[in-house]
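Each of the next two complexes has chain A plus one more chain, namely chain B in the first and chain C in the second.
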Partner chain A sequence: MTLAEGMRGKGGASAKAASPGTALLVLPACLLVLGLLIGPMLLMFRISLNQFSPTQLMIEAFSFGNYARAAADPYYQEIILTTLGMALLCTALTLVIAFPAAYWLGRLQSRWKSLVVIATLFPLLVGNVVRSAGWMALFTREGLINTALLKAHLIGEPLTLMYTPKAVVFGIIAVVLPYMILTIASVIESIPRDLEDAAANLGASGFSQFWRVILPLSAPGVAAGSILVFVLCMNTYATAVLLGGPRFKMMAPAIFDQFVRGNNWPMGATLAFMLLAVTMSFTIFGSIAFARRYRAR
Partner chain B sequence: MPASLFAPLTERPSLNRVLLRTLVVIAYLIIFAPVTMIVVTSFFSQEIVSFPPTALTWRWYVNAWDKPEFFRGLLTSLQIALIAAAIGVPIGTAAALAIVRGEFPGKQAISALLLAPLAVPGVVAGSGLYMFYVLAENALDRDIKATTEGLVAAHVLLTIPWTVRLVVASLQGLDRAAEEAAANLGASPFTVFRRITLPMMRPGIVAAAMFSFIQSFENLDLSLLLVGPGRITLPVAMLNYLEFRIDPTLAAVATVQILIVGVLMVVTDRFVKLSRVV
Partner chain C sequence: MASLMIESLTKRFGSSIAVDGLDLKVREGELVALLGPSGCGKTTTLRMVAGFLPPTSGRVLFDTEDVTRLPAHKRATGMVFQSYALFPHMTAAQNVGFGLEMRGLGGAERQTKVEEALRLVRLSHLGGRLPRELSGGQQQRVALARALVINPKLFLLDEPLSNLDAKLRAEVRVEIRALQQRLGLTTLLVTHDREEALTMADRLVVMEGGRVRQIGSPRELYDAPQDAFVADFVGRCNILSGRRENETGFRTESGLVLPVDTAPNERDNANAFALRPERIAIQPGANGDLNGAVEAVTYLGSQTEYHVRIGREVFVVIQQTPGADEPLAALKPQDQVSLAWDRKAPRLVPQTSL
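What follows is the complex of A and B.
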């Protein structure tokens, strides 16, 4: 979004003609991304067309056999379905949990506001490993949740929370919540308060102000946040490994295993390319939808 | 939380207000629970994380300092993040200048290319680099994987999109009148850049440097396949440890990481209002 605006701003800036050399400054960055990202991605696609052999590891080939296998083999099917299911579930739950907080943050007019924004941002920058470790301290047999429930005599036996999909859901939601809150809050900020007041004056209840005014107007934020969060959920690594345990498989850990434990480059490349294709199509779809929104303004 | 945070909502009907407050508190509890948990348990004296603490102690910080995997991991991560930011920020800043001020075809496509490292999943980009590095190692007969150079190259990739995004944002809000005035008064283009443009770009560059450093410092997904014996970054060292156990030593290491990120954010916020750049 920022980039698109930046380019629009260029029109005003060209009052003083830029020296032709300025354009060349973009080259080092382009070469870097081409060499270290696009090149390896093309290499990865080529390797995904090769064949795996337990003895020779990799045989040159040119077939989509690995893709067919990933789609047909129940082992890979389960990984793909688990990943998609987790991503959908976590995105939906995150949206529900994030919306009230986003509304509050978007409407907040206080000198503390920038502090709240920074506090929302801070856990994002701490990293997923640290946050997963925090959930582990809560979820173990001796952890805070079991201890508190036992002390309160709500349960007789400690609950098994660690290494369950439930734990992963909690972990993922905590990771992606700040993205959803900040994205939706920035849209809610731009909705004039007068609209709510007008609805209230016309007799709308709190619920129908939310349902018929705020929610429809914040739809772009909801869409952008959901796409971003869905993609992040699909890519989950640390949370799935640490809270789901060794038998809980999502795409990213499965890709890692293909390279490290199986030494199976073709299959690893195939799964990686499939994950890339799904997440990229969502991201591109999202940015096209955004571009349209900005043009309409 | 101070009551003033809720001030704008006082005119709402009270049931809605209470419901909204409760939901906001739940959301922020979920966000902060894990981070708070780690900091708190790092001071518990018992060996296994359990509640309530029998006593409080600093001992685990000493213990963590003595564990080579964490100490070396911390040094490795700091070193790589510093070098990656030192390389990536100037390159990204140059690209941002070209995008805002230069004239060239395909600007939209090139912008998308420079933001691509954000859109590619870390494990996928890491897998691609891993195969690329191994094949290059075989061809060149030298180590690339698990070297500082190999990790820095990968992490520079992380710094480019953040730098381009933040510096473009700071450039577009820039008033060119001061530059034109300087040029009219006889300053050479280089002087104009050094004395006028660069200082005005400073908030964007400082924010870019901080984000680049933190992105590299806390990165796990991209680095997973690129580390190796002797060259393990702190997040990977923590992950390996956590696959066996969670104990107060690990909590102490994690608290140190939280502290480093926190201090960086506070320091940066003095230069640039973070809530405005993000």
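What follows is the complex of A and C.
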């Protein structure tokens, strides 16, 4: 159910059409988006068509050469595939970890519920850099985990935890988990409990209740949460740099490198648009496939 | 179909007690209604029978099988929920087929049974619709078909009519009752609506505060209530506090002596006089034994309700609406009237039997 449907269901009065004048209320937001998002993006796109020279930096041009070069370069191919792979893996793992928690939260009937919601949001109050720095203290060769395991004689020599893709996966999941949990929980909350009782009454075991009733009905939340998390994962920066180390490359750090280290604005802009294109196409195709599976009956 | 036996069933939530040692037997093919105000424990009882709630103590048996510890999905009861609880992402036919699917019943056989069940509730033509594309009454019939198609051991109805409008409710009431009798369904109905309970049930259980006040046929409960609570809950009733004066009279607290044949009509510890409004005859003019003044006349269509004051007591009298030219039709507030009733009609009951 969409929010609009829900509101219509509750009070007919709220469904009355807004007067034309109220359209002005969206003006500030629209101006902000136009000026600070669409404008710079158009500018960026223009830059991506320019050329780069190590001596003169940017040269006015109008060609898609940068795109062709980046797409053909195995170095960038690998970065894109790594980024996409990480984002898909992290989204899937986050979904699996978040769903039980979201179900519990969505079904929670307690006066402490709002506190639990705040606790779920709490990790977001800690910035990515601070959090990742904390993980560094935990994961390095001399870090807490290795020290503890060595002292307990569970391992003979320190494990390599830092600067591995695994560390990045854990780091990303810890960041995006609250988004997934809260998005799904709000949908689960709207599924009447009676439906589970009805399914049980008709002979459905706990698993069948989940698979046939809860999961299909929470599909909109799963879709929204997954899109949100996927986009966040595709654009990971701090976690990738701090936990992945210098040799682990994802798109956002690579773009930063082009702009700041290489002073190569055209290539940086090109990579940025490639990231955007890949993210958008996966999001759109994913949504369509999902809609076909769950909305069309 | 099975019979249902409930033995000293108790449910506590923390320190409060929702159901307190309930004993009940529902015979095979019988419809028993649990009737009571909200919070009386009737829904909690139903949920324990369905297996949604574990009892604190006591037993639930289907025939001789103890199902107290059996999870809901293994109990094979067919329940119609107050909200209908249709799966919104499945068509009417898929909803009806769900229970068969859970029992591993395959394609053709399942389809035949689904079609049969939809025909039973006269919805064959709407099997392909989603619940939101059906009217409330149609949704209710899908819920009925869904509960019945699995051949349940027990048919459970949780306030099944409360979401229907008044006219439809009266129709569906008769329809469900006919279906229940034709198919011989052992049924437990939960309702707070006395009319629903009286018209549908073979036997009624009036509950209050987690305990049974009285069990009996609708007629028994209506005509011979155990106490003032039951008398008042199963129908409108004039209830007056006081005590028995002698074999032929009851003295109210205000000193009015009312005629009653006390010997057959008196329960232990009786301190209330209970008389149904339709058992009172009203005559214009103050020329009887009990004379008073009309306070209000309420026209209800087929019936008319009079409020008559005698001394400090006000009696509610309900009569068939008189023809326009009959003397009663001219009654208006302040008019003098006399009341009379059969001495065997009133009941002398305790205010409470708990």
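Methods note: the second predicted complex is superposed on the first by the 241 of 297 C-alpha atoms of A that agree within 3 Å, B and C clash if a C-alpha of one lies under 4 Å from a C-alpha of the other, contacts with A are read in each partner's own complex, and residues count from 1 in each chain.
Operating definition for what follows: a residue touches a chain if its C-beta (ideal position, glycine included) is under 8 Å from a C-beta of that chain, and two chains touch if they have at least 3 such contacts.
Keep in mind that what you see is a predicted model, and the values were worked out from it rather than measured.
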Problem set entry | Chain touching more of chain A, residue-wise (chain B, chain C) | B
Exercise. Taking the superposition as given, does A:N235 touch the first partner, chain B, the second, chain C, both, or neither?
Worked result: first
Exercise. Touching A:V169 in the superposition: chain B (first), chain C (second), both, neither?
Worked result: neither
Exercise. Which of the two partners, first being chain B and second being chain C, lies in contact with A:P216: first, second, both, or neither?
Worked result: second
For this session: State whether A:F256 touches chain B only (first), chain C only (second), both chains, or neither.
Result: first
For this session: Please indicate which partner A:M136 is in contact with in the superposed arrangement: first for chain B, second for chain C, both, or neither.
Result: first
For this session: In the overlay, answer first, second, both or neither for which of chain B and chain C A:L195 touches.
Result: second
For this session: Give one of first, second, both or neither to describe whether A:L161 is in contact with chain B, with chain C, with both, or with none.
Result: neither
For this session: State the interface residues of chain A toward chain B in the complex, per the touch definition above.
Result: 2-3, 5-7, 9-10, 13-16, 18-20, 22-26, 28-30, 32-34, 36-41, 43-44, 47, 97-98, 100-101, 103-104, 107-110, 112-114, 116-118, 120-123, 125-138, 140, 142-144, 147-148, 170-171, 173-174, 177-178, 181-182, 206-207, 231, 234-235, 237-238, 241-242, 252, 255-256, 259-260, 265, 268-269, 272-273, 275-276, 279-280, 283
For this session: Using the touch definition up top, name the residues of chain A that touch chain C in the complex.
Result: 192, 194-195, 197-205, 208, 212-213, 216-217, 294, 297
Problem set entry | chain A partner contacts - residues on chain B that touch it in the complex | 2, 4-5, 7-9, 12-13, 15-16, 20, 23-24, 26-28, 30-38, 41, 48-52, 91-92, 94-95, 97-104, 107-108, 110-111, 113-117, 119-125, 127-132, 135, 153-154, 156-157, 160, 164-165, 168-169, 171-172, 176, 179-180, 183, 189, 214, 218-221, 224-225, 235, 238-239, 242-243, 246, 250-251, 254, 257-258, 261-262, 265, 269, 273-276, 278
For this session: Under the touch definition given earlier, write down the residues of chain C that touch chain A in their complex.
Result: 50-52, 71-79, 81, 83, 85-91, 98-99, 102-103, 130, 146-147, 150
